[in-house]
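Should a chain be cited, it is by its letter among A, B, C and D, assigned in written order, with residues numbered from 1 in that chain.
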Amino acid sequence: MMKKDTRAEPLNSGGHVMEVINENSEVLVYIDEHRKFLVKPRVKPKLETDRGIINVEDLIGKKYGDFVLTSLNVKAYLLKPSISDYIEKFRRITQVIYPKDLGFIVFKSGISSGSIVVEAGTGSGVLTATLAYYVRPNGKVYTYEVRKEFIEIAKSNIKMAGLEKYVVFKNKNIEEGIDEESVDAVFFDLPMPWRLVEVAYKALKASGTLTIFVPTMEQLLKSINSLRQHKGFVNIEAYDTLLRLYKTVPGEIRPMTWTVAHTGYIVFARKVVI
Amino acid sequence: MMKKDTRAEPLNSGGHVMEVINENSEVLVYIDEHRKFLVKPRVKPKLETDRGIINVEDLIGKKYGDFVLTSLNVKAYLLKPSISDYIEKFRRITQVIYPKDLGFIVFKSGISSGSIVVEAGTGSGVLTATLAYYVRPNGKVYTYEVRKEFIEIAKSNIKMAGLEKYVVFKNKNIEEGIDEESVDAVFFDLPMPWRLVEVAYKALKASGTLTIFVPTMEQLLKSINSLRQHKGFVNIEAYDTLLRLYKTVPGEIRPMTWTVAHTGYIVFARKVVI
Amino acid sequence: MMKKDTRAEPLNSGGHVMEVINENSEVLVYIDEHRKFLVKPRVKPKLETDRGIINVEDLIGKKYGDFVLTSLNVKAYLLKPSISDYIEKFRRITQVIYPKDLGFIVFKSGISSGSIVVEAGTGSGVLTATLAYYVRPNGKVYTYEVRKEFIEIAKSNIKMAGLEKYVVFKNKNIEEGIDEESVDAVFFDLPMPWRLVEVAYKALKASGTLTIFVPTMEQLLKSINSLRQHKGFVNIEAYDTLLRLYKTVPGEIRPMTWTVAHTGYIVFARKVVI
Amino acid sequence: MMKKDTRAEPLNSGGHVMEVINENSEVLVYIDEHRKFLVKPRVKPKLETDRGIINVEDLIGKKYGDFVLTSLNVKAYLLKPSISDYIEKFRRITQVIYPKDLGFIVFKSGISSGSIVVEAGTGSGVLTATLAYYVRPNGKVYTYEVRKEFIEIAKSNIKMAGLEKYVVFKNKNIEEGIDEESVDAVFFDLPMPWRLVEVAYKALKASGTLTIFVPTMEQLLKSINSLRQHKGFVNIEAYDTLLRLYKTVPGEIRPMTWTVAHTGYIVFARKVVI
């Protein structure tokens, strides 16, 4: 279909026919809200759940949105994984940024299709994948990480999400400087961002956005103070977000009892000419 | 620069040189956090503030990130407006969706560059602009609105943000059906979304996402119940978000006293084959 | 000491000497924030913890505020339990109202020393104990509960907190009516409070407060609608509360990652003459 | 009535007859949620509202819970003010602690009828009144304030609420020490509480509670660090609270758009023997 070809990316493409699952397709098998599984026919031939077994190879040739029956005759829907589905299934070796913050970070940083961005550190790749998803198809994410083992995990996560061609992994200490120039946005999710304000300043294009994510108050205060002292940033804003997930069973609709109350504070600032 | 040409969109493009302001450029004049003004040299030749006057025509030829002095010798920085800056300055004739929700809606709906999406109602165009921003350069937003005067306002807002070529405005009652087929996502921000579940179902591609935004609990309950009864949607999730903005003056860092505690509940659901 | 005699209650009394622990004293043994134990020398002679063993009988004769060493030479402080300490240690057989709501409920209901109040259902006795604590020494809490086994648990909890003389337990279905008249406040924490608006109205003194606590949105809507239809209540207010606990380790100060996001919605209304 | 005489306090007393309003009675005239007025027949003979005029002297002889008609024939209910009603109507010359925090502070501090407590600074008297309300009838609040004009305002507020006999006002700088000894609880709502940890320690009885309320993060960090360094406090906890008020009009039930997102952080700690 010609229409499809003009679209940016197969990951989320529309089109007037349902997409067909093949042996390399990632599929989110949805039985109910507590039973969601990310499978790929080639990799995991059998999915065993407490609602029955699914022969994953049988998914080949089915269409996204269709369903199969488990060995216990329970419907299992075949969804095309979205970016938030992928991230939910990422292997995590670090504290990660949560969905409550990811969308807001993307929105306030101003990045979008075509943006060139720098991130450190890579960690499990959750923010990396999110940034990559939104800069497609012509943008790029340069992500710095000192710990090699993290890069391997993040690479594998990002490959699963089909985003590897938008990410350049750098096994470097960002304190030594950012190689890229005139980037649209810089993102820091590392322990001492206040030491890196000048590093970010040099890499950013004028009017570009620096985003800092820090878990503790001490880090937040040091980051804000460091930005204020540098003089090369304006519109310094800080936020934190709270998200409540609701139970959606009719007759029992209410916020879930527990929530993630905090992962971090988010600081945004715009580079200006000093 | 060749590099620039491969980028999706001038709105947010990077590149190794600072961008030059011309008579048609939108400029966010930033004096301090309480004094941010969106100006365009051709439209508004003089900006009068309590920190002095700026001759807006003098901005022509300056670069984004640079500053000018007001008549009272106060620095005024010239920022390139981001999507959130534009939206903050949109003319509003309706209750709008706030930044605390916009990023999250985009993230959870799964849309990105290339997506084809449908929205109703257009209202002031805040969600329209946000969706348009992220589907660029090859995606499209079809937005339905029954009230002609709203479409005019929204058009003008979206034109200001430079997003008009990604939006198709439809002065139609969406209860009569959606013209588009196999769209990636449908967004409802209107009074009775529970009456439109089948309308959305027909327009969505399988595995696509329906997003509903409603202010009241009654609307939330009816929307969830309607989705459950339809049977054609799974992964029905509901949320609300809270955002706290912090004062970022060193020595006085704290959440601002007042916040927007609520604009609406957000429901997401995925279409499946019945 | 004469001064002490004029005070309302030994539970929290001050006085110029430290109070001495005896075999019937409840003691909160505090090792650190994760190791708090409620003990009574007569009941539990040995306290075994992963920071060492404490011979609880040795606490007799010590004063509140003092410390002992565990068998591993770790300091264990002997605190006088406060109402919130007791409640934290209550045996719970039901979903209970949390500290984030208890103080607010007491405050908004207007009760205080001397108030006569009615509550249903008793549940685990958490709200019962809280109300009893604040109506001392001359007030009274009449608490209704249909399930005998809950009354036994609640009695035992309330006895532990030393509040039994302020509570009258009633093994009755409150739908059949409240025996007491002209009470200062009525509290409902049961599944269908909207059926009990007239029952509460009859029992309350004019200008008295009805408080309703419900977990779900459906219950909240029905409760508000029922109060509005009855016409005998004004100043109908509804709330929910969020509480964030912070990590208080210097250098790591931040909200704890997880919090209780929701236990229930709280409705307050004042009885007026129809 | 004998029953009434055994009750702690006329402010909130029950009893089997409705209480009669006299010329010195405080009355909360309730027309609707946006029209609540605190009046006293002797002081304010005429109440003019946009729903009509009320001749306040006509309230004399009416009972709480009853209603009168305004000159425009609108019902105006006569409520007995609760502690939260009074506080809402206090004259405020300082930033005050809000209801979202007051109940929680009382609950966590452990104070109740009979407690002897110390507070600084008095400010507008909001916390003072709240503490006084709960320590009645035999407890006492000693409140320190350096600014004489604040004491006058607070005195007048507290007198309006009928709580003056439970409060001792001290026009002293608490940095010079607390006169009282072995008090149950100390409350600090002033700019530099971290300088007063030893002052509080000396005044508190062992096992007593220190409560600190501070608006900013810097103050919170200094307060926690100071408590940790002192070694005489354990169970150091910090919180902040969020409260959402709901619109309670059937069909429009939802959290109000705006809320007070932050007034301060609250720290609690228990004194132990060093």
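Quick note on the criterion: a residue touches a chain if its C-beta (ideal position, glycine included) is under 8 Å from a C-beta of that chain, and two chains touch if they have at least 3 such contacts.
Model, not experiment: these values are computed from the prediction.
Note on connectivity: the fewest steps through touching chains from chain B to chain C is 1.
Compared with chain D, the chain whose C-alpha mean position is the greatest distance off is A. In this assembly, the C-alpha centroid of chain B lies 43 Å from the C-alpha centroid of chain D. We define each chain's centre as the mean of its Cα atoms; on that basis chain A and chain D are separated by 46 Å. Note on chain placement: the centre of chain C and the centre of chain D lie 20 Å apart, centres being C-alpha means.
Counting partner chains per residue, chain D shows two or more touched chains at residues 217-218, 220-221, 242, 244, 253, 255. Per the touch definition, chain D reaches chain C in the complex via residues 6-9, 11-19, 30, 33, 36, 63-67, 77-80, 82-84, 99-100, 102-116, 130, 133-134, 136-139, 181-184, 205-209, 220-221, 224-225, 228, 234-246, 248, 250, 253, 255, 265, 267, 270-273. Looking at the complex, you find that chain D touches chain A at residues 217-218, 220-221, 242.
By the touch criterion stated above, chain A contacts chain C in their complex at residues 215-218, 242, 244, 251-263.
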